[in-house]
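Both complexes below contain chain A, partnered by chain B and then by chain C.
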Partner chain A sequence: MWTGILIAVLVLLGLALVFGGLLGFASERFRVEGNPLVEQIDALLPQTQCGQCGFPGCRPYAESIASGDAINKCPPGGESTIKALADLLDVEPQPLDAEHGVEQARRVAVIREDECIGCTKCIQACPVDAILGAAKHMHTVIESECTGCDLCVEPCPVDCIDMITIEPDIRSWVWTPPTSGIIATDRQEASA
Partner chain B sequence: MTQLWDFSGGVHPAEHKQLSTGRPIRTAGIPSQLVLPLQQHIGEPAEPLVAVGDHVLKGQKIADVSHGMGLPVHAPTSGIVASIGDYPVPHPSGMADKCIVLKPDGKDEWCERYPLSDYRKLDRNEVLGIIHSAGVAGMGGAGFPTDIKLKPSRDRKVDTLILNGAECEPYITADDMTMRERADKVVAGLKVMAWILRPERCVIGIEDNKPEAAAALREATQGTKIEIAVIPTKYPSGGEKQLIRILTGMEVPSGGIPADIGVMCQNIGTAVAVAQAVFEGTPLIRRIVTLTGAALETPGNFDVLLGTPVQYLLDQAGLQPDNVSRLILGGPMMGYTLTTTAVPVIKTSNCIIAATASELPAPPPEQACIRCGQCAEACPMELLPQQLFWHAKAEEFEKAEHLNLFDCIECGACSYVCPSSIPLVQYYRYAKGEIRLQRAEQLKADRARERFEARQQRLEREQLEKDQRRKERAKAAAEAQAKKKADAEKAAANGEVVDERAARSALVEQALARKKASTNAARIQPADKPEAATLAEPAPEEPDIQALEKQFTQAQTKLETMQAMLEDAKAQQADNLDKLERAVAKNHDRVKRAEDALTEARRMLAPQPEARSETQPIK
Partner chain C sequence: MTDYLLILVSTILVNNFVLVQFLGLCPFMGVSGKLETAMGMSLATTFVLTLSSVCSYLAYTYLLAPLDLAFLKTITFILVIAVVVQFTEMVVRKTSPLLYRVLGIFLPLITTNCAVLGVALLNLNKNNNFVESVLYGFGAAAGFSLVLVLFAAMRERIAVADVPVSFQGAAIGMVTAGLMSLAFLGFTGLVSV
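Moving on, here comes the complex of A and B:
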């Protein structure tokens, strides 16, 4: 009887050792560089690089979220980003933290070029190098690359940068969802 | 007899075609104003080549594309460019876009044309060039530039060329009437396209509700290898993918184009446009438009100049303004409601329906989906409309995409059969639009991330370079120091004073010692004075009263001169006033400091001699 138990214990011990060794080997051999969660979170953030979340760029905020920070600090991403992050991290979506700003329509920076004195301060502030120009020469914004982050507005000594909301035009227009019809009884009530 | 296949699904809506086939094609004439949108198809908008006030001739190129995919725009008649700006264009959004407005002069004067008698002598690319510069676009749906479509990539050989004469959507008869009345032009255009593509098979597919058109084409194709295939009437057999299925039995792969399976579809109107471009040298400046609906007195087909406002056409067809409840551009299944009659006819406008309230009643309210599955039976693309609807409504676009939302051809068969009158297609269009927007945003975000990371790297690199340079400088300085030190040591070892600095510091020390000695001597001289006692003691930290007094008087004189200068400058209104004022203030400080130092020194120096300080009051 004791030999039976002994054999069972030894077999289990042997199995544990073998699988433990396998797992240890696998964790070394197939180690993932960096935190893949950070990449996934970063992919969901809008990449405005505006710093409204309190971090210097989207990636640092992604890292912070990965280590447990709140997901509602990104005003440019707004509700859809929060929803996507909540889906990814399997947490409850929260409303946008008003402390970090409010969700706005997409905007683009425009320099009033005849007022620009060529100080290069906005060029240094732009997180995506979307402003062109040289010292003492007029600067201009590459509109297609501007993320609308606002960061160039404050450093401008002559306040010649405007943030302009992008108006929807015929090329950016998309169909709207059908206005959800009121059910027949409501309709009768509405017309009554 | 051509072998035919069937496609799954489809519906049989009431045709209402006889409304507009009773009269021959009429020419609409020249309206008082033509509005020509610069973008009439997918691709890039054209850029105007004319300015306001220019006189243009009929057929003259007035806008062209410099880059990207696009087509030129031509003047439909001679006249003067009245304006270039934003005007309402035919678009489901009802928005305005850039247009050229032409005021016709009534002369209808042609520019020079270069008709070709024998296109076969030319290179195929030259003929394609003619088609491009004539501005020919697909006149059925999206308006894809025909020259690009006729030039599939080298690895895709087109075996079957199909001319789409199915015209399956109710009400529309533009292609039907074109085939009846202009069969020779249709066939001529088809021959040009066949010569370019060299297909093995050339078929014209016509629904069996157009026997006159089929007969006319049979006659026109006598003696050629072109097949006429009469297909059963079923909506949407005129859909490109459906017609290919009917005529070849093949299926266009999801996300692919017909050229992937060696097939190409062309529209009847496009064939006519190609024939006119090649044989007459005429650009695409007019098209056949069906004007139909119960609110028109004389519905029918019109040969219309592009840019003609819809209102002008409605008047020609005898619009009864009191009866019309809805204006639709396109067919009743796939068209959209017009919000204004000021929009012009463009290359892709095939039909205008002026419907009365009883003809096209307002859609009944949407009710809940009862999962009857009729939509899935009707779907010609074999999709799952019900599931797509749930996902689109719940904004689960990813799931909708997994169910091949983008294969939906938006034919409206599902909405047509839905017993709950759910506007299904509208949901799909919305979902497609949102997905496209999200993709565009994702693309933009990716680019922003790339740029941000590149910038971070650049800043890091610059910082590193700066540090490197600083380190190098520090190292160089340290080396120089070390060298000097070594030299000095060597010199010391040799017993020579080579080091200039050492020599100079020695000199300074000597001078200091001399000065100290002399001051001590001066102090000792008045030996009867009480200070002598204190001075006798060794007092190295004892302040030098004389020096301080001297400093004080010096500072005072300097201040006085500065003040004088300031007065002068003020009198002369000089522009360096503020500088001088600063200098004066600085000198005031200096005087004050000197004074303080002097008093301090006196206080320290005179523990007992109050009498002296009384006899020499400090000013």
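Moving on, here comes the complex of A and C:
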């Protein structure tokens, strides 16, 4: 009788050991590096690195969203980003939080080059390294790299940086919405 | 060949684990709120059920039966199921972090889904061989998935329907589940395995 119990205990012990080893191996093999959700959120953010959300860049904000922060703090991304984030995270879309700025048309920084004194302060401020130049030499902005984040305007000692709204070209042009008041019920509501 | 087909039809429709044998009701009510979640849960449960059915069969036939330890079968099966679920959780977490988030607590709860243990024990009662065990497990999972997805689709429509106040929420869910169960009774006598 005692050998029966001993065999039963040994068999269970053996099984538990084998399964434990298997799970240990699997946890090594399928180890998750960081939080993969952060990657997905980061891919949806506009990567302007502008810091308007209150975080030093898009990735820290993505990490904060992954741990439960609000999704409406990104003015450059605007409504489309909020919608995409709401879809990904399965939460209700919210209007953009006005505290962090308003959604604007895409802009680009332009340096008035004859006024530039070559102080390199804007180069240090640029989060995406879109400004080219060296000390005591004229600086200029690489337009295709500029995310329009405004961060270089403030540090410039001679105020020679302008933010210029990009004119719509054939790829970005959209129909202008009709002026309100063309529908009879709209006019009624407005007069009521 | 016909035998195998009959096993599938029997487990999916005639002896459906959820609606006819009333096993695995917890995830059936819990995860059926959204169609997407229900599909994720179905996939995870299908994987776990089939794999645990096979593993339990192997553990019983090659370990417990030769050593005359049939009395250890329940605890062994629970051990096997827990390991398979844990393994699935690791794989899902690695491959689909979103599904992992959506399923949340229900993923580890597959362990306590009594359909999983039920399949392992019923395999023994029916003296199923290896292939039959695989099919029985897979059929049970397919039946579970079918019913769960159907039910989730219905609940999504009920959510926007004009339900009387006293029936809203879980109550109308229970009524719907009962009616579905009645409907599945209609398959009785189709085959008997």
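Quick note on the criterion: the second predicted complex is superposed on the first by the 144 of 192 C-alpha atoms of A that agree within 3 Å, B and C clash if a C-alpha of one lies under 4 Å from a C-alpha of the other, contacts with A are read in each partner's own complex, and residues count from 1 in each chain.
Just so we're on the same page, a residue touches a chain if its C-beta (ideal position, glycine included) is under 8 Å from a C-beta of that chain, and two chains touch if they have at least 3 such contacts.
All values reported here derive from a predicted model rather than from experimental measurement.
Participant: Using the touch criterion from the header, give the chain among chain B and chain C with more contacted residues in chain A.
Facilitator: Looking at chain A, the partner in contact with more of its residues is B.
Participant: On the A-aligned overlay, A:C58 touches which partner chain: chain B = first, chain C = second, or both, or neither?
Facilitator: In the superposition, A:C58 contacts chain B only.
Participant: In the superposed arrangement, which partner chain does A:L12 touch: chain B (first), chain C (second), both, or neither?
Facilitator: Second partner only, chain C.
Participant: Counting only touches as set out at the top, which of chain B and chain C does A:P157 meet: first, second, both, neither?
Facilitator: neither
Participant: Which of the two partners, first being chain B and second being chain C, lies in contact with A:D169: first, second, both, or neither?
Facilitator: It touches chain B, and chain C stays clear.
Participant: With both complexes overlaid on chain A, does A:P95 touch chain B (first), chain C (second), both or neither?
Facilitator: A:P95 contacts neither chain B nor chain C.
Participant: Figure out whether A:G68 sits in contact with chain B (first) or chain C (second), or with both, or with neither.
Facilitator: Neither partner.
Participant: If you lay the two complexes on top of each other, which residues of chain A touch chain B in one and chain C in the other?
Facilitator: Correct list for chain A: none, the interfaces share no residue.
Participant: Which part of chain B faces chain A closely enough to touch in the complex?
Facilitator: 89, 91-93, 95-97, 365-368, 392-393, 423, 426-427, 429-430, 432-434, 436-437, 441, 444-449, 451-452, 454-456
Participant: For a test of understanding, state which residues of chain A touch chain B in their complex under the given definition.
Facilitator: Interface residues on chain A, with respect to chain B: 42, 45-49, 57-59, 127-130, 145, 147, 169-170, 172-178, 180-184, 187.
Participant: Spell out the residues on chain A that touch chain C in their complex, using ranges where they run on.
Facilitator: Touch list, chain A to chain C: 4, 7-8, 11-12, 15-16, 19, 22-23, 26-27, 30-32, 35-37, 40, 88, 90.
Participant: Once bound in the complex, which stretches of chain C touch chain A?
Facilitator: Touch list, chain C to chain A: 59, 63-64, 67-69, 71-72, 75-76, 79-80, 83, 86-87, 90-91, 93-94, 97-98, 101-102.
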